[in-house]
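In the part that follows, the structures are each spelled out as structure tokens.
Shared between the two complexes below is subunit A, which has subunit B as its partner in the first and subunit C in the second.
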Partner chain A sequence: MVSLLEYAVIGGILFGIFFSLIGIGLNLIFGVMRMINLAHGQFVMLGGFAAFVVSHDFGLNPLFGIPLSIVGAIIIGYPLYYAVVPRLQKSHDPEMLSFILFFGIAQVIEALAIFAFGADQRSLPGDALGGGNLGILGQDFPDSWWVAVAVSVIAIGGLYLYFSRTKLGYATRAVMADRDEARATGINVDRVSVIAFVIGLALAACAGVFVPYLLGSVSPDIGDNLTATSFAIIIIGSLGDPIGTVVGGLVFGLGTMLMQTFYASWSNLVPYVLLVIIVLIRPTGLLGRAVRHA
Partner chain B sequence: MIKSKTRMAVGLAAGVAMAALAAGSASAATAPSVLKIGTLYAGSGPFAVASQSEYQGLQFWAANVNKAGGVFVKAFDKKIPVKIIAYDDQSSTSTATTLYNQLITQDKVDLLVSDFGSVLTSVAVPLAAEHHMLLIDPTGSGANFFTKKTRYLADVSIPTSTVWPEALAHYLLEQKIKKIAIIYGSNDFDASQATELKRVLGKGGVDPVYFHSVPTTESNYTVLLHTVAARHPDAVIEFGYANNDIAFLHALSASGLHFNMTFTVFPGQLLSLLTKNVGAKALAYTYTYPTPPLVKYSDVNAGMNTDDFVKEFTAEKHEAPNYLTVAGYNAGVIMQGMLKTSPTFSQTAFDQALLDMSGKTKTLLGEFRMTDHGSQIGELFPIAQLIPEGDSNKIVVVYPKDKATGTAVYPAPK
Partner chain C sequence: MREAGLLRAARSGIVVIVVLAAVFLILPHFYNNRSLLFELMTFVVLTQGLNLLYGFTGYLPFGYVGFFGTGAYSTALLVLHTHLPVVACVVGGGVGAIVIGVILGPLLRLSGAYFSIANLAASQIIFFVVSNSNLSGITGGPYGLKIDRVYAPEASYLTMLVILLVATGLAAYFRTSRFGLGLRAMTQDPVSAEMAGINVVRQRVLVWLASAAVAGLAGGAYAWNLSVFYPDAVFALQIGVFAIVFALFGGVGTVIGPIVGAVLLYLLYDGIGISFPQGFELLYGALIVLLVLFLPNGISSLLTRRGLRVF
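Presenting the complex of A and B:
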């Protein structure tokens, strides 16, 4: 029993760190732009297909899917931002309209992915990220999990450094705190926003590279589920605070794996039950701060 | 007197002739110019691959009968071309509900064929009954559909899921494998198999060491497998859909865990999809239910036999068919037999025609045998093992003995 609990806890932490990477891009975009990117899961899915393409069509290691995902996020993100976001910002209810618009974009991406790759599942070679197992406290997990966690930690750490050590990061935090005040202080809000948007998409796509390993396979239809799970994670952590996503991811990972170990049938309810509890008890999320009204 | 009798006879004959003429013209007038067959397929979502294969099989059948001038309809004593009206339900039951309704009430289809599997068929069953339409159900085999007598449901291509694990249970008992773990998806198709397997094993004195459901959408089995391994089972039985099987086999392969016997459902139905995703090495020694075209039926009295179908389908579509393609084609063949024998063009007459065909019809899926509950109990699935052969695996039927093509490798080598 103790061994099972240990395995579930360690597995939950690893799984949670990976899901932090899945959710963090969504939270970054919401924090900066106050818009919910309902196509977030579809960008994760595209990252999975990027890894599939580099591995299957070019015979490269799936990790080359990461630079491809970043380049893809830049190529798609910039024109998408300028085509959509400025118009949304001018509307009377940008948050609500963003829901509808990004929902449409999600459906378009999914349909295009079906055209390009077909509707069936695609997997990656099991040994491409190391075919063995690595242990901690006597509990073994596949190498691919550790690689996914290492990349997640690097990406999240990189984002933290961006926020805390760069001028652009300070400006991003200022925009997240108050868009109008940031503009008044001379910050180029549009430039900050577009960079945050592209970083958000790139983080999502990078996470997608590991989806075939941690979720068995990638297929065009996985996007909506991933968006819903990401949304739950960022609300559990703190909506609008990207680093809070890590806490949300860990709570989600631990909850899911403990439930899977001791009562498997209920495991996919975990994120939503936690979401309801957090919203009722602490609406600002676990790391959220009380809002000061002037 | 004689004159009046003659006059009466002539009058009667004329009356009969006119009545016959009128009846004939009525038949001709009511015979549709085209027979509308309504169905759904999943263009996306978790059931897309299986659903599209099944739909392809039905389309192949329709194209074939149309090449021959249509399907013979006894009620109208003529051949009528068929037209398939199909919509994309995107693997969503709510979308499927709307679209089944549209097929029945707006398109007014003559025959209704459900989409792949129990999940997407489940919403069609009550709708068809409500509208007094016979639902031709190629692959929806959930036990809950067949709990009572009905005239509006006909499972035509796949045995009801409660009978699927019969051979598996007896095989496990005969092999004296006592420590068995069962993981199953929380849907009717998987749950009814798991429950039936547990029941038969229980009768043989075996109580599973692990018996738990997982969400149908489950995609990560690593921690779950570790929990299962802690019970030290000899055999791990996983009942799921294709996406579950892929995730399960992936996790098993990556985990470094080893069980003497592993069983999953879909390698026997979608072998190329599973091999493409999991790899031949990870599939080696896995047990499954082998289905046509992996097993063949040559003695048929309706439609093509398995070999001919594979040959013709491959030549026309330039891809090999799988079990679901066969199931879709078979649904067409069964409808063809039904229309050929049904004396009237009504849904209840169609159902009666299917019951009359039961036990007398042999197709590329084997014997067609249907109960008055609408369930299919014709050809039960044997048990097979995937044995490595070069870079791939070959299907070896290991049970029952009269169908066996080889012996199982047990325990599976590490």
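Presenting the complex of A and C:
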């Protein structure tokens, strides 16, 4: 019993760190652009297929999916941003309209992914990221989990350094704090936004590379679920504060693992119940933006 | 002046209702694919029900299908466990959806996208609970429910038609009445509307419950028509998503727009979507993007721009 609890807690922390990486891109894009990228989960899914393609079609280590994801995020992100965002920001209700628009993009990506990869679930060879188990406190977890956690820590740490050490990172934080004032001080808001958008997509896709390992498989239809989960995570953490995502990831990871260990059949409820509870009891925590004013 | 305008508008509402009733009563005599007509009506009802909420208050319920599924299950459970007439059980489906609407009422404190996502999460929670195998004894878990002893395609068809007319009547009422004028005011500026004496919270909750009831009634009649269904058949998120796309396409906030949008796109779906679902998914995804960018008020705004008033 105790060891089962230990397993759930340690597994939950590992799972949670990985899910912080899944959610962080959504939070970054929201923080900078004040738009919810409802196609977030679909970009995670594309990352999973990037790993599948490099490993299945080119016989490379699935980790090469990471550079492929970053290149893909740049190729898709820049044109997508300039095609839709400037037009949306001129409309009468950018927040709601972008929400609907990105939902449309999500459907397009999902359909194209089915054309390209088929609707089946795909998994990756288990030994590509080391076939053994690595133990901590007597609890064993597959090597692939540790690799995913290591990559997550590096990526989140890198984002932290970007915010705290680079000029562009400062500018990004300024835009997150107040878009208009940032513009007034001479920051090129559009450039900062497009870079944040591309980084957000790249982070999502990099997380996706490990989805076949941590969730067992990848298929074109997992996107919506991942978007909802990511949204729950960033709301628990703090909407608009990318680094705060880690808190949300850990709460989600622990919650899921504990449920899976003790009440397995109810564990799929975790992200949704967390989301509704948090949204209802802490609406002001969402930067005060989630609450209507009358 | 205003009275005359209202009268004219009310007349338009009656015309739309009469035309709809005539079309769906006469069509089965010429066209024998009754299940297609039934599905079509179901989607027109759902699109109109969603339009009641989104078109008149600006709240977009991404998990609208939750009410539909709740209605289907409430109706089926009433049929199985009571001796009420089936039509009363369908009404019970509407009541079930209203109960869920009351429970989820606090979601209306949220605005915009937060409401949408929380509503989506809520509908997933209902779905996972209903389809959970631990509850097989009550809801049939993943195997769904069977009410085939009351199977009656004719009666359920007529019931759905009545629900369609009710939903259309509600939309016409919102479009023409003082109540609807208040709704329009509070969508534009809730604070000023409150100052002008509109009870914003009460009106919004009423619209929310009316919208929930329409979906619940539709779910009840749908369950009756299917008579054997799995949880997926009445809780698939795609059902609610279709309602959103159809409403956006036709033009929200009008009475006719959602009807036209649902009919056109559902027929298109029936033509290509069932045999080639990802093709249709690609199409409606692209359609959403184009609508948001170029026609945020749907195809009815093509007429509005030419100076024609769309009812």
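The working rule: the second predicted complex is superposed on the first by the 283 of 294 C-alpha atoms of A that agree within 3 Å, B and C clash if a C-alpha of one lies under 4 Å from a C-alpha of the other, contacts with A are read in each partner's own complex, and residues count from 1 in each chain.
The rule is simple: a contact is a pair of C-beta atoms (placed from the backbone, for glycine too) under 8 Å apart; a residue touches a chain by one contact, two chains touch by 3 or more.
Keep in mind the model is a prediction, meaning the values are calculated, not measured.
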Combined model on subunit A where subunit B meets subunit C, clash or fit: clash
Touching partner for A:114 - first (subunit B), second (subunit C), both, neither: both
Subunit B versus subunit C as contact partner of A:43, first or second or both or neither: neither
Contacts of A:257 with subunit B and subunit C, given as first, second, both or neither: first
Which superposed partner A:268 touches (first subunit B, second subunit C, both, neither): both
First (subunit B), second (subunit C), both or neither touched by A:3: first
First, second, both or neither for A:103, with subunit B first and subunit C second: second
Partner chain(s) touched by A:279 [first = subunit B, second = subunit C, both, neither]: second
First, second, both or neither for A:126, with subunit B first and subunit C second: first
Identified clashing stretch of subunit C versus subunit B [116-124, 224-232 or 260-268]: 224-232
Subunit B and subunit C contact sites that coincide on subunit A, given as residue numbers: 110-111, 114, 119, 265, 268
Residue ranges of subunit C in contact with subunit A within the complex: 58, 60, 106-107, 109-114, 116-118, 120-122, 124-125, 128-129, 132-134, 186, 190-191, 193-194, 200, 237, 241, 244, 248, 278-279, 281-282, 284-289, 291-293, 296
Subunit A - residues contacting subunit B, complex: 3-4, 7-8, 11-12, 15, 110-111, 114, 119-123, 125-126, 131-133, 140-142, 144-145, 213-217, 219-221, 225, 257, 260-261, 263-265, 267-268
Subunit B residues within the subunit A interface of the complex: 42-46, 48-49, 52, 91, 183, 186, 212-215, 217-224, 226-227, 230, 242-243, 246-248, 250-251, 253-256, 273, 276-279, 282
Touching residues (chain side subunit A, partner subunit C) in the complex: 36, 84, 87-88, 91, 93, 95-97, 99-101, 103-112, 114-115, 119, 224, 228, 231-232, 265-266, 268-269, 271-273, 275-276, 279-280, 283, 286, 289-294
